[in-house]
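The structures considered in this document are given below.
Two complexes follow with chain A in common, the first pairing it with chain B and the second with chain C.
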Partner chain A sequence: MRLYFKYMSIHLKSQMQYRTSFFLMSFGQFFIPFMVFGGLYLMFERFGQLKGWSFFEVALCFSVIHLSFSLSECFARGFDAFSSLVGKGDFDRLLVRPRSAALQVLGSKFEFTRIGRLLQSGIVFIWSVSNLPGLWTFPKLLALLFMVFNGLLIFTGIFILAATFCFWTIQALEVANVFTDGGREMAQYPLNIYEKGVTRFFTFIIPFGCVSYLPLMYILDKREGDMLLPLLMPFGGALFLIPCLLIWRIGVKHYRSTGS
Partner chain B sequence: MRAYASIWRLRFINGMQYRAAALAGIATQLFFGFVFIMIFAAFYASSTGETPISLQDLITYVWLQQIFLSFIMLWFRDQELFDLITGGNIAYELCRPLELYPHWYAKLLAQRFASAVLRCFPLLTIIFIIPEPYRMSLPPSIASFVLFIVTLLLGLLVVVAISMMIYISVFWTMSPIGSILMISVVGEFLAGMIIPVPLMPKWLQTIAYILPFRWTTDFPFRVYSGHIPVSEALWGIGIQLLWLLILVLAGRALMGRALRSVVVQGG
Partner chain C sequence: MSRNNGMIRLEGIGKSFKVATRTAGLKEAAKALFARKHTVVEALKDISFSIGEGEVVGYIGPNGAGKSTTIKVMSGILVPDDGSCSIMGYTPWKDRAEYVKHIGVVFGQRSQLWWDVPVLDSFELLRDIYKIPEAQYKANISMLTEMLALETIVQMPVRQLSLGQRMRCEIAASLLHSPKLLFLDEPTIGLDAVSKLAVRSFIKKLNKEQGVTVILTTHDMSDIEALASRILMIGKGSLLYDGSLEELKGRFGSGKTVTVDYRGESGPIEIPGAAMLEWSAERAVYSFDPEQLTLAEIVSRLSAFVEVVDIEVVAKDIDEMIVRLYEEHKI
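After this line comes the complex of A and B, so read on.
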């Protein structure tokens, strides 16, 4: 763990060397989800509500997913850029070091410019929470925190899975974007608006439902139940990481260097 | 003219090589198309009032957006051209017996066109056979289909002219990221990428109508579904031509100024 923070501080220092470019990028990263959120706002202005969900409830859903996504893009970027590591044969270097390969890949890149995106989702989060007074109890806020954290783990899991395929294909698979960008795009709305099959896939296979829709039902009092349930539910997201890491291990075993 | 045509042809053939990327793109676009349609359908299901565009027209709109994504995306960029400017290799480009503006214009046009051609046929076959309500509908008349093709191609010319402006701006800023990001995010929004133009509130529609972005794709897509009637479409073609003229003339003038004071970056 100490090693991970060491990696982090080195990357922070190196990215801070290009300050203007850093701020421009961060500003741009702020702007992109801002426009998407603007679209969401305008849709609600026209239609009023979405299958019984009010604007602030959907905004909360949106911000939880976007917080997780921006955090995972910031910290798990190493896996996202993994294909170049394999393609150039640099992965060999990591393997000979006496530390876990996953940790080193994780530490190989950080995108601190995602702070712009993080800031934007943070503002939406605070705005929507402050407009939903029913939320202001300790267990509910704690559950929200768990949701963001486990969402981060799900996105990281997808990044790892996509990176693992590089062992066989060498190239990055763009189809993985369906699950990261696409998953984000889907899970920012409550999952019940989609077709049944899609909802099931994103609840049981890739458990976005566990970190957004299902606990939100309880938190927003749409369904009666013990508060214990939404507190535990988000950890379904953490379960997703386990098979991902297992597949990663298999991948590392099968790794054949490109030799360049 | 023949030189530029052959540059276009070369680039087009080059663009057609990226078939695996296109396949991945098709999968992604199908997925996003479905997601957007489901979101819009859910909004429509919970609305009671009058809507400015029917769900059927909107579904067609979403699919056309996905098929002709390369006609909208201002992000669609040629790193090579940026590197030419920031890396100093522009000096070689200036030595060629070709004018720079049409040369780059032909290149950019070919890239976008190739990307769309690669994707459009497989996507079209799929979205015409998938079950209702996701299936795309046919245009209401032959006239609107013909007008759709004309306006779409004109829209492509406009979007390339806009993106030329972005490339030219790099002569001054030297850093492509800032200028592109701003123009492309705002431009794509006003072209109806995030929410379709007819669903925007009035004040925003006014802004969108004044600026060139919506003439690139929003306009042809609505001509296709008949949401914009034929007579109105003819007027629109005039406005498209006007924008094209303004953007190309302004782009050439700016580029001329940029080149007069160009500092070739060493390297």
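After this line comes the complex of A and C, so read on.
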């Protein structure tokens, strides 16, 4: 873990070498989700509510997913950009070092410009929390924190999965974006607005539901239940990481026996 | 080898790759999308050798011969199909994490330094990756800075360094954790003469003073001549030659090449006992064997027809011997 922060600091130093580009990129990153959010706002202007969810409730859901996503893009960027690492042959370099490959890949790239996106999502988060009554209790805020954290792990898992495919096909698989970008777009709204199949997919296959819709039901008092439930539920999302890491290991093994 | 204590032992290493074959044409390409044909390429066939501690070995062969595959197997990146390999008591691909602490690898074409930060920052990160104790790190840094003349450049970001400076830093970076075995994959590629010499003399010194075993792949035969006491040559996946440079020289005779600059008009002049390599206005090149024909004879023969202005004699160059060796094995 200490090493991970060392990696981070060297990348931060690198990024600071290009300050103008950093600020412009961050600025851009601030406005991309802002547009999406603008659309959300206008929709509610017109329709008032979404299947029983008010504007601020949906905004909370939106901001949780976007916080997770921007954090994962910042900290797990190494896996997202993995195809170039394999393509350039730099992955060999990682294998001759006495540390786990996954940690080194994670440390190979950070995308600090995502701070723009993070900031934007943070603002929406605070805005919706302060406009929703009864959220200011410790367990609820803690549950929200857990949701963001475990959401980060789910996105990371998808990045790892996509990276693993690079061992078989060198080109980056655009298919993975269906799940990262697609997952983000779907999960930013309460899942009950979709078809049953979609809801199930995002609950049991890629468990975005565990870090957004399901615990939010309890947090927003839409369903009665013990507060323990929304506190534990997000960690169900983290389980997703386990098979991802297993598949990753198979990928590394394959790479080392084929060298491609 | 007399001093061979078997630090590295490879036995019957074999490795083949499946390569997708595709014939030209759109129709074939479309077919290949669904049913790919694979051919099996044998990258390494029954490679066995052993290298003793403290040796400097030049590993040579034409492109695609299997050099880098061997290096990858020996550095634990690649798992071979058959055969065994023991280096310092480790099996590289099985004990990877433990084993790589004891080796250093320089890939001449790929950097291990972080591009935008000062070299020293990269060194510090490597210190943390390898968990190098502070005292050892400091000692190594000061030794390497001195031996490679790095004082002024370690404060600079890598992107501002020249290729020669960068290569010196790369080599330093791979030695921070005091490895006993150093793999150098084309360490002098693209370097100017001065940097080449600096890198070579450093490797020599490192081997002599620290006893580091060095395995070096290169296409530059003068690297081999300057550094390696032993040559391993690989071609089409098989080991073709294992021996000293002197032995190789002995095998291909003590031939020399003479280049003569002349003045005067003349057609090509044949000299019995020498082979004409080139004849142009003002310049003639012959190769000859000094035991059969003396230089004076050549010059006097030429002087009968033209005015000899300048003569240059060089021993047959090692590149030529290697080409002959390649030809001998038809690779």
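One rule holds in what follows: the second predicted complex is superposed on the first by the 255 of 260 C-alpha atoms of A that agree within 3 Å, B and C clash if a C-alpha of one lies under 4 Å from a C-alpha of the other, contacts with A are read in each partner's own complex, and residues count from 1 in each chain.
In the analysis below, a residue touches a chain if its C-beta (ideal position, glycine included) is under 8 Å from a C-beta of that chain, and two chains touch if they have at least 3 such contacts.
Nothing here was measured: the structure is a model prediction, and the numbers come from that model.
A.B. asks: Evaluate whether chain B and chain C can sit on chain A together after superposition, giving fit or clash.
C.D. replies: With chain A as the common anchor, chain B and chain C both fit in the superposed model.
A.B. asks: Thinking of the overlay built on chain A, is A:Val175 touched by chain B (first), by chain C (second), by both, or by neither?
C.D. replies: first
A.B. asks: Just chain B (first), just chain C (second), both, or neither: which does A:Lys88 touch?
C.D. replies: second
A.B. asks: By the touch definition at the top of the document, which applies to A:Arg2: first (chain B), second (chain C), both, or neither?
C.D. replies: second
A.B. asks: Please work out whether A:Ile250 is in contact with chain B alone, chain C alone, both, or neither, and reply first, second, both or neither.
C.D. replies: So A:Ile250 meets neither chain B nor chain C here.
A.B. asks: For the three-chain arrangement built by superposition, which of chain B and chain C touches the greater number of chain A residues?
C.D. replies: Counting contacted residues of chain A, the larger count belongs to B.
A.B. asks: Looking at the overlay, what does A:Ser14 touch: chain B (first), chain C (second), both, or neither?
C.D. replies: second
A.B. asks: Taking C-alpha centres, what angle do chain B and chain C open up at chain A, rounded to the nearest 10 degrees?
C.D. replies: Seen from the centre of chain A, the opening angle is 90 degrees.
A.B. asks: In the superposed arrangement, does A:Ile32 touch chain B (first), chain C (second), both or neither?
C.D. replies: Once the two structures are laid over each other on A, A:Ile32 reaches chain B alone.
A.B. asks: In Å, how small is the closest CA gap from chain B to chain C once the two complexes are overlaid?
C.D. replies: Distance of closest C-alpha approach: 10 Å.
A.B. asks: Which parts of chain A are touched by chain B and by chain C alike?
C.D. replies: Residues common to the chain A contacts of chain C and of chain B do not exist here, since the sets are disjoint.
A.B. asks: Along chain C, where are the residues that touch chain A in the complex?
C.D. replies: 17-18, 69, 72, 75-79, 93, 96-98, 100-101, 103, 105, 107, 110, 112, 114-117, 121-122, 124-125, 128-131, 157
A.B. asks: Once bound in the complex, which stretches of chain B touch chain A?
C.D. replies: 21, 24-25, 27-28, 31-32, 34-35, 38-39, 42-47, 175, 177-178, 181-182, 185-186, 188-189, 194-195, 199-201, 204
A.B. asks: Looking at the complex, which residues from chain A come into contact with chain B?
C.D. replies: Going by the criterion above, the answer is residues 20-21, 24-25, 28, 31-32, 35-36, 38-39, 42-43, 45-52, 173-175, 177-178, 182, 185-186, 189, 193-195, 198.
A.B. asks: Quick check on the complex: what are the chain A residues that touch chain C?
C.D. replies: The touching residues are 2-3, 6-7, 10, 13-15, 17-18, 88-90, 92-93, 95-100, 104, 256-260.
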